[in-house]
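Below is one structure, written out as structure tokens; the observations come after it.
Per-chain numbering from 1; labels A, B, C, D and E assigned in written order.
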Amino acid sequence: TDLEVTHWWTSGGEAAAVAEFAKAFDATGNHWVDGAIAGSGDTARPIMISRITGGDPMGATQFNHGRQAEELVKAGLMRDLTDLANKEHWKDVIRPASLLTECTVDGKVYCIPVNIHSWQWLWLSSKAFADAGVPVPKNWNEFVAAAPALEKAGKVPLAVGQQAWQTSGAFQVLMVAIGGPDIYKKVYGDKDAKVAGGPEVAKVFKAADDARKMSAKSKVQDWNQATNLVITGQAGGQIMGDWAQGEFQLAGQVAGKDYNCLPGLGVNAVIQTGGDSFYFPVLKDPEKSKAQEVLASTMLSPKTQVAFNLKKGSLPVRGDVDLNAANDCMKKGLDILAKGNTIPDTNQLMTEDSLTQVNDLFAEFFATPTMTPEDAQKRFADIVAKAD
Amino acid sequence: MTEQTARRPSRLFRNLNAKIASIPMILNALVIFLGGTIWTIVYSFTDSRLLPRLNFVGFDQYTRLWVTPRWLVAVENLAIYGACMLVFSLIIGFLLAALLDQKIRFEDTFRTIFLYPFALSFIVTGLVWQWMLNPNFGVQHVVRELGWTNFAFDPLYDSSIVIYGILIAALWQGTGLVMCLMLAGLRGIDEDIWKAARVDGIPTWKTYLFIIIPMMRPVLITTLVIIAASIVKVYDLVVAQTSGGPGISSEVPAKYVYEYMFHAQNLGQGFAASTMMLLSVIIVIVPWAYLEFGRRK
Amino acid sequence: MGTSVSIQDLSLSFGAVTVLQTLNLDVADGEFIVLLGPSGCGKSTLLNCIAGLLDVSQGRIFIKGKNVTWEEPKDRGIGMVFQSYALYPQMTVEKNLSFGLRVAGTPREEIAKRIARAAEILQIEPLLQRKPAALSGGQRQRVAIGRALVRDVDVFLFDEPLSNLDAKLRAELRVEIKLLHRKLQNTMIYVTHDQIEAMTLADRIAVMKGGVIQQLDAPQTIYNRPVNRFVAGFLGSPAMNFLDGQLNGVSSPVFKTGNVSVPLDRYAFEGNGGSRVGPCVFGIRPEHIAFGDAANTMPFATDAEVEIVEPMGSDTLVWTKLGGHNFSFRVEAEKTLRNGDPIRIGFDPARASLFETQSGNRM
Amino acid sequence: MSVANTTAGLPRDIAGPYGPKPRRIFSRRNIFLYGTLFVVAAYYLLPLYVMVVTSLKGMPEIRLGNIFSPPLEITFEPWVKAWSTACTGLNCDGLSRGFWNSVRITVPSVFLSIAIASVNGYALANWRFKGADFFFTILIVGAFIPYQVMIYPIVIVLREIGLYGSIWGLVLVHSIFGMPILTLLFRNYFSSMPEELFRAARVDGAGFWGIYFRIMLPMSLPIFVVAVILQVTGIWNDFLFGVIYTKPDTYPMTVQLNNIVNSVQGVKEYNVNMAATLITGLVPLIVYFVSGKLFVRGIAAGAVKG
Amino acid sequence: MGTSVSIQDLSLSFGAVTVLQTLNLDVADGEFIVLLGPSGCGKSTLLNCIAGLLDVSQGRIFIKGKNVTWEEPKDRGIGMVFQSYALYPQMTVEKNLSFGLRVAGTPREEIAKRIARAAEILQIEPLLQRKPAALSGGQRQRVAIGRALVRDVDVFLFDEPLSNLDAKLRAELRVEIKLLHRKLQNTMIYVTHDQIEAMTLADRIAVMKGGVIQQLDAPQTIYNRPVNRFVAGFLGSPAMNFLDGQLNGVSSPVFKTGNVSVPLDRYAFEGNGGSRVGPCVFGIRPEHIAFGDAANTMPFATDAEVEIVEPMGSDTLVWTKLGGHNFSFRVEAEKTLRNGDPIRIGFDPARASLFETQSGNRM
């Protein structure tokens, strides 16, 4: 049966990963109809949502872990997967358990998580630092200290793409790294405006100010273009989620040698449990409904999980898979995951509405050198206060 | 003469075919335009998020709207863009039309050259100009290679002037049509007026300024309205060229609406913003429409 | 009186189309010349050449003895009035009148003085603050004339200035223009295709056809002694009657058509007369035909039968047949004739015109 | 004074200017006029030139050279890639699929929208009935409503009538949004046709449709050309509706273009992007270059009379 | 002869503007009625109401005794000819002629027969395969008439059919239409603002002003006994002379203006005459004025002085002053008068018209 799957995985590494899903699904005798929408989730989600509300749903669709599809579920547009979950004991295999909780509404399971993505990585180019004649830093502070040398060598110290989600992502990474997981949870989780306006977070804004200065010369739009600057040694580093790893791999680079990674910016080694889930809209055609179940279990099967996540650079949602093939960076991530040093993703804590406002704030902050960290912090606190 | 009972037929059935033929228009006007608008306005008073729901919250969405920096930037940008676009496209369009009206050779060729960008989509225009204005490849790079190494022209990466970068592309695409309309207007002016002005010894530029332009009022108004409508709608161009960046410095209202409705999953906010846009459109359009179509009756 | 406008060997072509062909025209100082001709004959083109609005292809134009062939219109000392008025619609009448002067940098008082004078002559003082849209057709035309007047020019050019007006207004303004000319004594060149205008206004009429001046003469001469059949047929309403026939007899010429023979002893042939035998066209105007008893006093008289009676108010036009041709004549409105009535008609061949069939030239 | 001895008697050579006023080709006016025109034309042509040139270069050359230099080595690979192998996600068939989708969307949309609008404009111009102006005014004001306002209500409408996601849904959307301006154009055009013609046809006994098909249609070529050009370019270039109201296997070319341009694989392949951009713009450009003259004439006939 | 078209209490308004006001008009079978009036007086509107192209606001229209107020145009048995010809430009002449018949589904042979007949009557056989663009103005007009002809209707409506043609062609076609009417004997209603057309064609003329029929009568009656000043002034070219003045004396009425007194014993007052004292306007046509010796034979004669002489070809119009008013009269073209010549003029008051100054009605 043909099943159309929409997603926004269109960069090189992502597309290779998706191909693994498609291959596995096609192997079950069904057919994966690819519905890639380029851009980012921001471009793709509206299209997916309007298709679902417009009564022409696809077979399955990607969303981020979290609250993005909440209302669609409540409106009864998404398929209940509880039976399948029970049959395949998802509760036991999915790790961390919070991921499945995210998919559960009123005790019913509506989605399957397929990977864990974390934001808390600083990717560093060995070549750039070699060119500048400084050692590869071990943490954020060293990185900041090395920046002048990089600049002198004609490099951009920190590569940041212009899209809003990248800057606000970098900020929350800094928050976890500099402020620590507790502050992060208070601000994003509890929406504690007092903390958001407090001295701890002020330090984070100071760091963000540093990042802003270091990235002033990186004039690229897309995150993978920024990553490409790191790969080619034009930039010193990039704060970006683990999906960047896919780009490094695709470029044939070796972790630890050509590039280095610092989870939690080398300061606080925790990772978020963000990532992607697949939802299955309610379909009329029973054939397709059956295919949806096949797809769901295929995506979650250990073999596909390994194949997919290796390509994607993300971590599998199953604790029981063998990841010997994983590279250095991935192993670091797995370690942290095994230790349970996880925090939820912002998507899981805040609504898209609030996140958009945060995004807007940081987009503005990074693009406006005249905006002081204090101003930005005040506005940030306001947004947190109103968030739900 | 016999008195026959030829009674006035029912009003409804007179002109029946015309009414049937107008059904698409009536449906469109009532259901889509009027209905959709009212629907949007009603829901702008709710706290709808991903899906519309009738949970009224009064003017909350509006108060929030008018304190959101992004909206304020968007409105400011639209004001700058709108004013410049109106002024420059009218001026440039008129100048081009006036040049073409001088009985020149190759008029068709020039006209086609000025008009062809109009055939392209905003997406294409945006991409091309993003590329032209890219500091690493485009104009800045080229000029620097020629020796002026300090030359700086990167409007798309400078938040204070990014909106002018967008304006350049918009003018490139839009002036052709304005020129076309103006040319039609110029050609519609009585040849004798020109002769009279020449006999009176009035220089060409004065003739244009004091006689011809005032006479072109109807065309100017039509053109103005067409430009104004496209200004309010500007969206694709910004998306293709800058995605609103750097930061939020090239945001426009239409983009705000779109993103709040779909990305931020806050329909209420999006509807509130679009109602504000509608309001501005209505302020501009209704007096004109009244003058144009109401007066005719 | 000197020559005011002199046109020498003027030719003009638009691309391959030649509109004017080696045209010569001399207009005396203070003369009122009317250019008359059918649509498309080149009247406006000629006027535009004089005004300098069109570049000539060949030839020269002198105004007041100065060669202005290459001058700008404003330097030629001409004023022009257009059929469509061509008023500047957004300016008041006063602005319309003064715009040219202001552009030329004429002093304020001078402008005021000239406008006052023009307004007085044309009696448009109360209209000075109005815009053209608020004027009637006649008033607009007056303002258009005023615009030429304030420029204090030697030559006035009029391009069908009255043809957009209704008949009554046309008649009124015609008289006004005549009076204006008498008062100003300027040279005026006036284009029209209305022959009443041409006849009443002109000192001399130039009848044009196909870019060539067919005849240039005083109105009565043109009316009574047209040089060719075209001129004869073009002037006169109701139109001249034309009878196709043969000219016979050298010593005493006779025109024959059908069963009718008209002796032409009294007819004044052109030049030496040449060969007075061959096909020709005999033309006579409806008002030169006598009817009833009066017919018998004419050198030529015959019997006929009424075919159609067209009462035209002031007169009545009666149609009959002569030698097989339609033939009309004018009678007083009081005469009551009916279709089929037998009548007697006659005329004096001295008042007729005779044309060669081939060339159309007057014999 | 007789005419002869003033001027006519003078010999030709001392009588001053004769014949046409000499016009230098390089008069200041001409230099200014054509100079301006050429400069402006260069500004208008530059982007097209850059697009073409870039699309014919290889990536290394792009990174090194400047955008205005002509390609040292002409390669058509970017074109081939853009047309047939560029990837979005797993679909690596470039623009080719989008092209046919665009054709399938554009043809019926153009046809339907023009058919509806011309009949409507005709009814408004010649068969006025009470209230017609009211609806028409709404329609015209509607032309200025930002599309974003309408997206959601239309999703609902399309869902209710079950056309969402099909090509016909999109065709309907294009017809809806094309209607105001087209109706205005047709109304103005038909109003400018002599009313007496219409009356003559009525006296001859032709009805609403008879007059439309047999009298009006054959006379309205210019305005149909304008309408076709406007619609072909508008619909072909549409992105917003194409992306919202269709699904991936019916995506029009612009969406495909956006996908290709935004699916960055490492570095941006500018040459492929430019080739893709050119291919996408080709159809409307050809339409323009072929019938631009008629367009200008039609605009003059239909648009200027407000 | 029955009534062909009968219009009863017809009113028509466009919004707030009332164009026709409770208008009544009866047209006899086979009659030729001309609607005459200034521009904008509602002539076309009335014609369109009769044709069914406009919905009336009030009143009824009968054609051939049938109430057609709400019928479609095609069902009224009318044919219409328009000023702009309104030929279908994309069809050949033959197609143009047959369009209505084809729409009605008439059999082929019948269509061919009717076209042949119409083409013969109008002599347009050689043109049948041409398109309108390839026809001259007069030919187009003939085709337009043919289109009405083939439909075999009872009533022909003409809306200024000749006003787009030049003077000569207009005169020719005028005669043709007259002959056509004589041949077909249909009812014809003909709109024009050319009074020569009106006078020559009409059985009866309806002079309209502001949507109201001012006078409906035979041409000569209208010309000689206009019911009000408007009608008097509207008809006649050169126009009637009007003298503002006073009417004095009950037993023997005298008209006084300036230093001139005209005895009105011979004038036929309307009705019982009513009060014959008060301000009034005296009108007399230029052609009813005698001049020179003839003037002395008239009941009224006086001395005057020539002011302007307007030779019009066939006649000459002379302007003078009478009681301080401009006064024109017509003389033969041969008379040579000059400005300032003293002359004697006279007329017969029986031929004059007298109007109340206030109401403008004939006294």
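One rule holds in what follows: a contact is a pair of C-beta atoms (placed from the backbone, for glycine too) under 8 Å apart; a residue touches a chain by one contact, two chains touch by 3 or more.
To keep track of the chains, here are their UniProt names: B = Sugar ABC transporter permease; C, E = Sn-glycerol-3-phosphate ABC transporter ATP-binding protein UgpC; D = Carbohydrate ABC transporter permease.
Because the structure is predicted, anything quoted here is derived from the model rather than measured.
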{"item": "Third chains touching both subunit C and subunit A", "value": "B, D"}
{"item": "Touch-network distance, subunit A to subunit E, counted in steps", "value": "2"}
{"item": "Among all chain pairs, the one with the most C-beta contacts", "value": "B-D"}
{"item": "Most distant chain from subunit C by Cα centroid", "value": "A"}
{"item": "Cα-centroid distance, subunit A relative to subunit D, in whole angstrom", "value": "42"}
{"item": "Rounded Å distance between subunit B and subunit D, as computed from the means of their C-alpha atoms", "value": "15"}
{"item": "Averaged-CA centre spacing for the pair subunit D and subunit C, given as whole angstrom", "value": "52"}
{"item": "Residue numbers of subunit A (touch at least two other chains)", "value": "46, 50, 53"}
{"item": "Interface hub residues of subunit E, defined as touching at least two other chains", "value": "none"}
{"item": "Junction residues of subunit B, two or more chains touched", "value": "14, 258, 261, 297"}
{"item": "Of subunit E, residues touching subunit C in the complex", "value": "38-39, 166-168, 171, 174-175, 178-179, 193, 195-196, 199-200, 219-220, 223, 233, 235-239, 285-287, 308, 310-315, 317, 319, 330, 333"}
{"item": "Touch list for subunit B against partner subunit D, complex", "value": "11, 14-15, 17-19, 21-22, 24-26, 28-37, 39-40, 52, 96, 99-100, 102, 104, 108, 110-124, 127-129, 131-132, 137-138, 141-142, 145, 172, 176, 180-181, 183-185, 187-188, 218-219, 221-222, 225, 228-229, 232-233, 235-236, 240, 253-254, 257-258, 261, 267, 270, 274-275, 277-278, 281-282, 284-286, 289-290, 292-294, 296-297"}
{"item": "Footprint of subunit E on subunit D - complex, ascending", "value": "194, 196-197, 199-206, 210, 214-215, 218-219"}
{"item": "Residues on subunit D engaged by subunit B in the complex (per definition of touch)", "value": "33-34, 36-37, 40-41, 43-48, 50-51, 54, 62, 66-68, 116, 119-120, 122-124, 127-130, 132-133, 135-154, 157, 175-176, 179, 183, 207-209, 233, 236-240, 254, 257-258, 261, 270, 273-274, 277, 280-281, 284-285, 287-289, 292-293, 295-296, 299-300, 303-306"}
{"item": "Residues on subunit E engaged by subunit D in the complex (per definition of touch)", "value": "48, 51-53, 72-74, 78-80, 82-84, 86-90, 99-100, 103-104, 147-148, 151, 159"}
